[in-house]
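In this document, chain identifiers A, B, C and D correspond to the written order of the chains, with residue numbering beginning at 1 in each.
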């Protein structure tokens, strides 16, 4: 291939990478908090859907994607409250509750979408969203111009949100207590800190960010909702957390990697002359996850108390 | 004397199924070292956890420096200058010393901007009190003794007036222990009040100003240490005269049953834990392994039991090569093992007593036929064991988790001993059980020896080792640093060896 | 308390009894309602009833929606009693739904997709009085009749427009199945009839819902130089229109099955309408009258001008383009153009 | 206390509120749902047909969950089983039914066991979290199936993404004509009983349960923990694969891209709700089968969107969790 073609090919892939990575970034960053505090939420897909639907409907009725985003966060917080109540206060099994969240998330959003929007199909398609903000001059840079300086606000925000997340986790007293809670909750208890409350807070952060990740799909990346729009991204985010070693920046870069695969997959198909079945490209992120497990050959250093309810003695 | 710093008034605390504290009243004076003495299960730790805010009393009042206080969490206690060093350390292994020390110190929104300042302050503190520690080291890299230093530093960093220590010497050598006791005395001299939970009479005599004896959730008495002696205290603690002199030690020793040559074993982190030990055990003798816990005894036990691979060396059991063979095969050769932590390994808590009785034999005739469990046979077997070993239970279909620690241990002993083993490995057999069960368990161990079994006894309780063993091997950092007859008069030498002085250097010093 | 919760399979027996009790309770409580509910439905045997098996949400946009709209149209124009059921994408469940409708006396049941074919065949023998229509199928066996919209024809027309006006085309499909691949073959043939070297690239999303992926696929095609991007991916297809809307004028698409102009008002060259409903109304009218018969499967194409047509937006295509399109329509109807000719 | 029944009641209540909100009459909707699930012989048969894969998968998952391994991958294992069964059913057309049917079912079972065992292997050998790997293997199985039916295994005549039909001799006999109920349902009951006996009455099951509660105690008892985990994954995967084979041989007779509407995920709920007891799974499987089956009829006759059933199933799980049904399964570690 012509080198110029390859360069433009890569530039376009890079631009798509960041956009496609964004929902993973938000969702997995939140899950890092949740798991660092010892709570595994496999219901991310359901929470993302609820975020996506809430953002969509509120934006539709208010005309403001900012309100939509705020509402999605509120929806995420509500999910988090319920999740934490069940798994932290009632010490219910986290896998069960997560699985239930996925069922309810899909069922509830689909049911409500039909109940509320069934008569408004046509109009439902038009509403404002976060549109790309071009940064003057920089966006004209060759190669990286589009990738870095021609995105929407929610995409631009990701490194800053991750930075903030890493700061909170590693540089604040709260973060210290979160990291301790997932590892050795009894110590946290003995230090006079409320284990339950810390887990509540972490789960709330996790669900709020998952909802933001879902909202991104309906008010930033596209401006529409459809049933099951998250298309399995919540599950990918779970894998991202593991491969990213439970760290915010790890989650960020692994999200970008998965975003890259996703973009490459869509892109390679369009290039004539490449006849790999598209299913193979689709399978790449999942295969990669398995390969990572095999090649690291080391027990993933998951928080030791992950998934174990804490019972003060 | 001086003023009262802490006053407890009729503290009652119940847990589902048990009453831990039945109305305990107590006064602690400022600047004293006050021992809380009692058997396991007497309610010492629970009472102090209430003072530290970990538990809340069902009824009763706490007065601190004259004021009634309401402690809802350790935070309240820490704020008032009450600190506690727990028996099981409360440290987060993947955090650094400094991070562990400031955990819970600041409101959640506080930005931990200058960790180096915190670290410097810790360094200063550690120099001032002679508790050497690197504040930047992650806790999981520290030895047990160092971890305890971190715990004490944590309390000092918080600026405590009242320090509670829960059995702090359990993990220390006698020399380290006396160092700690000296340190506490010095601190008390500076005005620190210390509450010292223990069941070791020597320590009480050595360190305390006054001692309160608890039994069965009640206060028996508070006495000035100067007016007490160990015999009186033991009587108060147990409620009757105790004759700690144990069954006779006359075994007829026979052939070599276990022989270990140049054995090395790695721990879970793949670091060498046992480094080339050689010893043997004959039938009809009890060999005790002494040492501060964490010096390779656990890894040795696991390797002997076929539960972890050996790195180098040989184990021979009844003339057969026995390293890296399965627990199953060992068991068939006549090996029985009472593991260190029965909750982790010895029993399956949610299973019934009957199910626990067949842990090794679940697929052996007659408990299983054609792959199916024979519930009648199993029940009958369990009933038989429970009766013979005096286990208190409502029925063998009761879940074992509902039994007391002593009765759980009796089930483990019963299961291991009824097979008439040729070699019995017992690891911390009486840890955490009441004195009645302790006596029973010790008698059973001695009876095995008398019946001709070879017994290897690992214990961090020197009293127990003296009472049962014929000879002692002393472990330090994965090596056998000495072998002595199990005579109490040698405690000083043994102590020094437990601290790493080998026999040669020891005799050289002398 | 906690200890009592320890697991033990003996306690499970209690739970089993509860389950038995629930079942009994449900049974009793529903008996009354169930019976009366059933009774309402019996004496309406002369009502004309039409049922639909939809492979996805009826508001799914695109493919699933056209069947639902068809059903509504039949209700409105013929006064039929209608019903639909969204069977999950599991062929194992289809047969039951067909049987339920047929046994309730539905005269006409539409299975909206080729995947319903086996199930309909299995049921049809038992219900000779019911017509089973299968969308995008070529079957004709007794009372099971395939009904197909030949989307390759309108896509052929779009291909002509793209090749005459643009620099390159991109096609974004949901999943690689015959209705989609056929449409894309038609498009390619249309393009080739104008300019054999005109670049076309194709991407399948592997999803009918992932609008974000569709959008990215469209954006990358634009980056590659395509200026006509056409989706055939149901709900996910909206992502394509959005990509065009954001990219700005000069990039074109067509609405698929419906009017999608509002989603990218400046980028719609036109809309491909598929009034499948009208086609079905035509059939249903005959079924109701009892005189429906056919010698083969049914295929709607541009010959059925009230069913399938492409409408260009005012002033966006030149007269020359429109003329070529009209000519192509004539050719297709006359049979001189085979829109499904194999691509070399 | 009756947590499971209370959980169902709460779920129906929540569903009812949603129905009211959307302008339906809950009582009428539920009545229709009931009739749809049990109202006639055919409806009953359809309910049992839907319960069949759920009972199978649930029984297998009960074994896995009791053994302490979180197999979230039954969906993928079902696909793996369906693919292998279809292949066997297409290739070995010459065999008589009494040979072919067992062969096809075994093929499905083996394939599911391998797919599940793969996650078990990754767990035992590399310490890979089975929760993550089984989720990944789900996606891989579904994508691979999509590739197979659009590519190498596509039917010869048509161009539809489906395989050819399996041989007549490979099809499961029906047991309740004129309904479609086939012998697979009886098979599922048999598997439930067999897994119950395995778990609670056999020495192997004793070993597995010990592994599930306390791996250390299991090692101490001379049980090979890794082999136990691998076996548990292979058994649950094999049974899920069998479910896939039963779907193909009993109902669809060929492979499609989407052979399961999420039975593998419902199976998790079915197993957990039955407290991982395979006998209980028979009842919870029928409950969930009835919910699905009834909701379809509810949509047909009352035009209530059938997605409601997901909400009801989810809320059943949530309220069962809240009521403490699942705390019964505990491990040694959680005891202090």
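Here, contacts are C-beta pairs under 8 Å (C-beta built on N, C-alpha and C of every residue); 3 or more make two chains touch, one makes a residue touch a chain.
Note that the structure is predicted; figures quoted are calculated from it, not measured.
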item: Selected interface, A-C versus B-D, where C-beta contact pairs are more numerous; value: A-C
item: Greatest separation from chain C - chain, by CA centre; value: B
item: Centre-to-centre distance between chain C and chain B (centres being mean Cα positions), rounded to whole Å; value: 71
item: Chain B and chain D, separation of their C-alpha mean positions in angstrom; value: 47
item: Chain centre separation (chain A, chain C; CA means) in Å; value: 32
item: Where chain A and chain D are represented by their mean Cα positions, the distance between them in whole Å; value: 29
item: Shared interface positions of chain C, touching two or more other chains; value: 2, 6-8, 57, 176, 206
item: Residues of chain D touching at least two other chains; value: 143, 146, 150, 213, 305, 307, 324, 327, 329-330, 335
item: Where chain A touches two or more other chains, by residue; value: 110, 114, 227, 279, 282, 311, 313
item: Chain A residues touching chain C - in the complex, by the definition given at the top; value: 8-9, 11-13, 15-16, 19-20, 23, 110, 113-114, 117-118, 121-122, 125-126, 131-132, 146, 217, 221-224, 226-229, 231, 262-263, 266-267, 269-272, 278-279, 282, 311
item: Complex contact set, residues of chain B against chain D; value: 305, 307, 326-328, 331, 337, 339, 343-351, 355, 358-360, 362-363, 367-368, 371-373, 401
item: Footprint of chain A on chain C - complex, ascending; value: 2, 57, 59-61, 65, 170, 176, 199-207, 209-213, 215-217, 219-221, 223-224, 235-236, 238-239, 242, 246, 260, 262-263
item: Residue ranges of chain C in contact with chain D within the complex; value: 5-9, 11-12, 15-16, 18-23, 25-27, 30, 33-34, 36-38, 41, 51, 57, 83-93, 95-97, 99-101, 103, 114-115, 118, 126, 138, 175-178, 181, 206
item: Contacting residues of chain D [partner chain A, same complex]; value: 18, 21-23, 70, 72, 122, 126-129, 131-133, 135-137, 139-140, 143-144, 146-147, 150-151, 265, 268-269, 272, 305, 307-315, 317-318, 320-322, 324, 326-327, 329, 333-334, 336
